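So, here come the structures, one by one.
Look for chain A in each of the two complexes below; its partner is chain B in the first and chain C in the second.
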Partner chain A sequence: MKPKSENKINISKVMDLTTSYLFILPALVIFLLFGLYPFTQVFWLSVHNWDGIALSKVFVGLRNFIEIFSDGPWWNSMCHAAYIALLALIFQNALALILALLVDKDIRGGNIFRVIFYLPPVLSGIVVGLIWGWIYDGNYGLLNHWLGFLGLEHLARAWLSDPKTSLTCIAVIHMWKGFGWGFVILLAGLQGIPRALYEAAEVDGAGMWQKFVNVTIPMMIPVFVLVMIMTILGTMQIFDIIAATTNGGPGYATEVPVTRILASMQGASRFGYACTQAVVFGVILLIVSLTQLRISKKMKQV
Partner chain B sequence: MENRIFRFLSIVVCAVIFFSPTSGCVSKSSQKDSKPALVIWHWMSDREDTLQQIAQQYETETGVKVEFQLFAPSEAYGNKVRASAQTDTLPDIYGILAETRDYASFIKAGFVEDLTPYMEANNALWKKQFFKKALSMDTFVKDNQFDVLPGIYGVPIDVTNIQFLYNKDLFAKAGLDTNKPPRTFEQFKAVAKKLKENNIQGLVSGWGEIWMINCLADNFAWNIMGQDKILATIKGEVPYTDPDWIKVFSLFDEMGKSGLLASGMITMVNKHAEQTFANQRAALAFNGSWCVNVYKGMNPDLNYGVFLPPKISDKYPVVVWGGAGSSFKVNAKSKHKEAAIKFLKWITEKKQQIFLSKETHNLPSNRNALSNLSPHLKQFASAMKNTVHPSQLPNSEYPRVIETMGKGIQLIIIGQQTPEELAQKMQKIKEQEMKRSEKYNKK
Partner chain C sequence: MRISSIYKIKNGLGKFVAYTILIFVALACIFPLFWMFGSALKTQSTVFSDFSLFPKHMHWENFTIAWTKAHFGMYFFNSVLYTVITVGGLVFFSTMAAFAFSRLDFPFKNALFLMFVCMMMIPLPGQFVALYVLLTKLHLVNTRIGYILPQIDAGQALAIFILKTFFDNIPRDLEDSARIDGCNKWGIYWHLAFPLAKPAIAVVIIFNCLAVWNEYLLAMLVFSDKSLMPLPRGLMVFQGTHMTEYALLMAGVSITVIPIILVYLVMQKYIISGITAGALKG
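So, the complex of A and B:
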């Protein structure tokens, strides 16, 4: 027979556990209902043919997955998103890092710059798209006006309607809108580096560049990885700017995965196939993120 | 003791948080009795005030309460209607903003009441008051490809059609006759030349939204080859590589080369095109009858005229894309079905149609309500007899083929694709889709 005090401890433990589980129960139910259930439904729908209205769905097995391999516009849209992601990885993050380094130097009005640089990300993508649409306008656009002012009118064009320039123009808008995120995260990372490390490096006679290469970069690798993953994931899912500027055109020149998923879902009423595209897209993003994490781990070891 | 009180309070808080949403639902359902008699979902943010007035008027006249609920923009509205169909929570009256095949799915799933008996009652009194073409988009004919029982499934509250518009002041500035808009394609190109010489921008339209580009392509196709050949193409009996189709695509090539089209037009959304025309930055526009209200808001002094698409061939008549504008459906599962139909009958009566048209500057669906129309709306109204719409045909084209056409025409305009290349591409996709469709049908 267990002593009375031991029983009391057990009851108290059960009560503690019950209370804890009760606390997480609402969050768990909400997660299961609005997170996990829709997630499993997307997988379930991806093996069906369904128009989003009919009460019955036709099971088609892997037919949608086979079809996606020969869907040219879909894979082109992937390449377009990858192109924008590549530009963002290089230029957007380089700009964010340079600005973060400058603001980290305790320059005058640093806080004002922080607010200014963080403004574009909080603006609506549709608004940003419309504003840049006026800048790129072929007739009355600011860009063409400036080119004329600089004597480069031969370069003037309808920037968003020319397949040679439209995707890069979209990338520029996206980078302008997105660099603020990277800036804030990189700045937080820079400010987290112990100043003692820089002082020690100075004592050892290190210059600015050496401090940057030997102290800042190694200490910032986890932050760089985070920013890179966020840049890739955010860019691959680009949509609002395209909806406000080119609608995927001219032709298929600025189509991206989300516009293609929407075209399948709303344009063609093929909800099942749209879910297949979403699953494939999700898997690709997962692979990219995992690869990047592995590389970063190796870099850290080095 | 303190610990016990803390635990008790924790459990109470958790229970309140957990059950509060459910209790909200319960209380909502228990309020059913205070629900208005008729609930109507609409997407027309520009007509919200007028519709609320109409509801008030109806309640005063009949004692039946009507609640118009606005869900905008139209994409969000379309998604809400689809989602509500899945949960069987559609209102008494609603609209379907989708292609014919989706409309057919709603009907087959039992969400839309067949209004044919009501339309045909009393020697088709209700039906006869509409423009003939107004009901065609809500009518499913015998042996339609969607296997929908033939009948009339919706009630148009207004009608629309898409035509060309020209700015009379800019025409005068270019030395063009302000009372003689172009009638043929050659005249159209001559106008383009004259405008270009005078440094005036030509045509603007929302051709970034491919449905508008396809509208004009449909007009040309109807004029060049007639309805039967278009239907034969949709059925797969005539290929898109047929010379008539290549001729249709070539017209866009010619328009692009003539300098008629405004810069950036192929990625332009219609709102931008409307602003450009209203601000007198372009001499021509391709837009729907709703533009009368839009231009009035943007530039009340805009001096413009309306004209039919240029004639390409004498073989078939010149047509314009159009038919029903905004159309309402009655929920077949509604408890207030009869009341809903009564309301739709009332709203399409002459008096209410005149009021709606006057307030919203849209074309009434009731052809007896044409008095007091503005001169521009009168011009649009006179073309209602020439309207066509793909949904009037018993068969409809595959969405991928339609998308390929719109996107391909964009590329033709900027010289990135030839009409022949587009025709071949469309035919290839058409064959792929037919094969895929056969597979699914077998399944």
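So, the complex of A and C:
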């Protein structure tokens, strides 16, 4: 009698657990197969040489990682992405901050501006690249047309196929697409500052500038750190805009890490080395985001 | 008296400068889009000479040509299909998982949840190399399912995280009363948790719709067959083969962009509040 009822309890318990697991099963299977497995596979492949077709992969240890140190085009591509990130950090974020400060001053139509500024970030990089590619076009581009209109024909050029200007032009497209995002975050940060703090500063006789330096900036530091790090992480992974405009050219002038990884994989059929680049790139990005955590923690302590 | 009037002028001047800057930047934001749309209405010959924003003769037939002959109608259908299936699957799988992580008890629950969260935090943009290898092994290259499943994975970790936080805040009493009414786990999930989570689900839907509609890299790796390609991939194929047909290209770009702009304008409140809440909390 007794063992039977225990059995029943066990069966219902097992049934109970099974239904619980059924809830997470679809998400878990997709995650294990298309998330975790490729993730581990990247590390596994990075210590092998493999052309993507052969049945066997050749174990090469850390040789790929030694090779990457002297891979000029790879580090150049990293520098290109860092250059765009630097321009975005300075100009895109400065513009975003100025606009956020202006709208925060209880300006009429603030929401309309917010809607317009956030429009470029919702568009795809491909679309943005194709539209801007034509504006920059050497023969029929709008930019050269306007320069001619202003009597500055001598400045006209094929902006994206001139190695001197191509990378900066791409940075301009990227910043056009990105500043609205920074604006929205910074504005939310500004509006989260308790108005009482400003009133208290006013009672103490603080002017506009003093309020900005002594109230706004210290309160905004965590948001600044967040926006800066997200800008760096987002910019370093830039690809769509480049695919739609220069595709890395002219020469190697606008190569970025993602285009280099693709070149190793599709161009050179070196899947192992492409994964080595992916690992190195991931570690660099991880260091950036860990630095952010460190800095924002320290800021909170202060 | 005097001081206050000086202050007023200064304030008025300040406002003038502020509006000038804001309006200038706003125009810079929308101008390229008008330029795109205007160019889509020009002919193959006027598109290179006519620099007006709104051409005198609107060639609406460009859109029909782009839709039929340049296959943008087909790409559009594919994009809609991928977006609906990916986001639909994502919503069901991630609400179910989030509900389990929040409301049910089973061994390894926390470890599994931690695994999802960790993968969300670790950046590995080059993962597409190994993903492509896997899709080849599974014979999913150049198939719709091979494009959909990886994108469900790409969105679900964050979705589960958002939804779990939401489910955690549903009061126990509600769940208990549903149980007394005879609801089992599925009933509680379907009749109680899912409807209550609508605001969080809306955020998940909007952001993943944008992400899937705009996706390019995976589409480039997966598809070689035109009939399977979504819009951004189709645009690049068209640009590669018809380099100089700018009016048609811009019509294709417009077809890609207009649905997104409409969705954005309708949903902008949720999109902007979602992005700020996500960024400032996380």
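Keep in mind that, in the parts below, the second predicted complex is superposed on the first by the 254 of 302 C-alpha atoms of A that agree within 3 Å, B and C clash if a C-alpha of one lies under 4 Å from a C-alpha of the other, contacts with A are read in each partner's own complex, and residues count from 1 in each chain.
Assume a residue touches a chain if its C-beta (ideal position, glycine included) is under 8 Å from a C-beta of that chain, and two chains touch if they have at least 3 such contacts.
Just so it is clear, the model here is predicted, and its values are computed rather than measured.
On the superposed chain A, the positions of chain B and chain C overlap enough to count as a clash. In the superposed pair of complexes, A:169 makes contact with neither chain B nor chain C. Of the two partner chains, chain B and chain C are each touched by A:140.
Residue contacts after overlaying the shared chain place A:268 against chain B, while chain C stays out of touching range. The larger set of touched chain A residues comes from C, when the choice is between chain B and chain C. Residue contacts after overlaying the shared chain place A:52 against chain B and chain C alike.
In the superposed pair of complexes, A:256 makes contact with neither chain B nor chain C. Contacts of A:245 after superposition: chain B is touched, whereas chain C is not reached. Of the two partner chains placed by the overlay, chain B and chain C both lie in contact with A:19. Of the two partner chains, neither chain B nor chain C is touched by A:87.
Clashing C-alpha atoms with chain B appear in just one stretch of chain C from the list 22-30, 112-120 or 238-246: 238-246. On chain A, the surface touched by chain B in one complex and the surface touched by chain C in the other have residues 19, 23, 26, 52, 139-140 in common. On chain A, the positions that touch chain C within their shared complex are 17, 19-21, 23-24, 26-28, 30-31, 33-39, 41-42, 45, 52, 95, 98-99, 102-103, 105, 107, 112-120, 122-128, 130-132, 134-135, 139-140, 142, 145, 176, 180-181, 184-185, 188-189, 192, 223, 226, 230, 233, 237, 239-240, 243-244, 257-258, 261, 265, 271, 274-275, 277-279, 281-282, 285-286, 289. By the touch criterion given at the top, residues 15, 19, 22-23, 25-26, 29, 49, 51-55, 58, 60, 63, 67, 133, 137-140, 158, 160-163, 166, 245-252, 263, 266-269 of chain A touch chain B in their complex.
If you check the complex, the residues on chain C that touch chain A are 15, 18-19, 21-22, 25-26, 28-30, 32-33, 35-36, 39, 47-48, 51, 89, 92-94, 96-97, 99-101, 104-107, 112, 115-116, 119, 121-134, 136, 149-150, 152-153, 156-157, 160, 184-186, 189, 210, 213-217, 220, 232, 235-236, 239, 246, 249-250, 253, 256-257, 260-261, 264-265, 268, 271-272, 275-276, 279-280.
Within the complex formed with chain A, the residues of chain B that make contact are 7, 10-11, 14, 17-18, 75, 78, 82, 85, 98-99, 101-102, 105-106, 108-109, 111, 201, 208-210, 262-269, 272, 281, 399-400, 403, 407-408, 410-411, 414, 416-417, 436, 439-440, 443.
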